[in-house]
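Chain naming follows the written order as A, B and C, and within any one chain the residues start at number 1.
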């Protein structure tokens, strides 16, 4: 129950502070992640030109680097934004979309992680496994097969990278290298619209912007997003109406409801 | 009432002429501004390659330059499109998203305004104030704090730039440097989804495409968009369903309803 | 009835196989075409960096090249993806959005068609006519005027290009150079939201990924998408709710319903 109460408190802080979250993200989800950022109570800004990425990152309370449709120009912007965020003490949240699907993505993620101190990494199970050096098949950007033993994989990957790691799936796992927390919120319809992983990352950024400790911040975010998914699914007639309801529900959700509805367990 | 009747007439003309509006815009709102352009009765085309921007601009009845996720390549396309639009007598509508948030954006807007004759500039209050040389804080792309004395700021900025200026907010102000018109339509939910400012700019472009005088055209557009927002908000359960209803309402709205529902006042 | 039954079978195969479809597409429709790909039962991945386009194409079961907001960088990625897809036997589906609207688009399409073996081309009537060397007016990306004699134009264009050609409109025409099939499914609301042509192309790619013969694959796709449009339109209050319902309906549609509802006729 401690984690639930904490989740509610972090969410309340987002609503009060309305932190500015700078996204360098992919073209598929730019609109929906901006709307999710707004719905959860934060303020989104998108800017991916190398000429302004650092300046925007410095002004923000969190920076999202999402490689979903990465280009070399965007990579340059991410490096500039990430370094400046590190200098300014702004947390960087990395979403390694499709990690392992192409060598370009894998190399780019490695380069980002070697040059930039990342506060939280969020990926699906296969992406996180590949990131941690485990074997997993990543085809496209869907949650493909989920490797066995995710709790251990997430903890080990967190240790190796020295950052909080969150792997989302039917059960989400979040670890700081010591503890592993499980989030049991969510709904299968979340896999039927594009970009829900990216949306979860956006919520993590909003929460991490107001909470220094990445473990409760990421856990609160995944519980919040998953719980909103559950409520949105009730009454949805399919992925279209689910997506609409997801924004409605995220916007209406109150911190005390999250503290009630979150299903967080120590792994 | 004169402005209301005028608004209805301009909207009717958009529906009849179905003007082609060429957008060079940001990746966050590309889809929704295309849909808003369609819903209001015009025909959108998006094209941002420097290799074709001028040719597309020449074929259009209005050109939107929106710097929301500006890159150097897009800047080149905007310059080409803007110059060609000027040569061909096609009105250019500028949306200086995030003006003042980074020096890259500010410099780019200055360059666009110095090389291209712009018919209408639309921004939120802070962006317009910065554009006019007033002090205002622009953080991200949200409507931040609204400076005092907006009517005067809008009129003066219009005079300095020699273009019609529209500043949107709880009250919208539109000026041609002499008159200042206020539009009292709108709803707070318009601030809870991303890109509503950009959508308003798209509607201005559609109206300006069929009406030479930018003052009534921009005023009609903001009344139309704000009034649609009011109707859409009634019955919306949050930002998701609001956005869906906004397109439905814009599409169904009739010019005579706009003439009734517009709340335009001389400042 | 043979074509109807075939359509149902192909759709059932998509649902079973869940083929990975690699899209290099425009920023306006990236989100909605990914969601349509998911709703029909396939798995989308978007990747447009020249550094990874070939590798992603090789891993996919179909590749979509959509020039809606083409840039030179994207063109490079399309060439790399297309050539690699050809080597690997992965079918390439081309959507020549705005073909004829600018010389950049026309030249780019010609270059793609001369270097890459394309399995299916899908455009609106005017785009296909221009592609086939007929005179037609293309303004923007809307379905403009539909030239006379489309069945013959589609068959001849198919012959000249040596690929299956699909022209969508009030009636869709699909030809392999010998047969011309007509699809009478659809609804006018499909012309009131942006990107429905691109969505139809995405469905063709999903179907062609599991069916070697492009004629029944493209026909099944257009019947499926058009029939979903009909169902979605019933009860929609405008383009916003129509778009939401379109995803819901596509996701819920069963292969046997398609076999019943498809209206396919030999031309």
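Worth pointing out:
Here, a contact is a pair of C-beta atoms (placed from the backbone, for glycine too) under 8 Å apart; a residue touches a chain by one contact, two chains touch by 3 or more.
All of these numbers come straight from a predicted model, not from anything done at the bench.
Counting the residue numbers that touch the partner chain, chain A and chain B have less than half of them in common. The copies chain A and chain C differ by a rotation of 120 degrees on their C-alpha atoms, rounded to the nearest 5. Rounded to whole angstrom units, the spacing between the C-alpha centres of chain A and chain B is 33. Residues of chain A in contact with at least two other chains: 27, 31, 243-244.
Chain B makes touch with chain A in their complex at residues 26-29, 31-32, 68-72, 98, 101-105, 139-142, 192-195, 237-241, 243-244. Within the complex formed with chain B, the chain A residues making contact are 20, 22, 27, 30-31, 34-35, 38-39, 43-49, 51-52, 55-56, 59-60, 73, 243-252.
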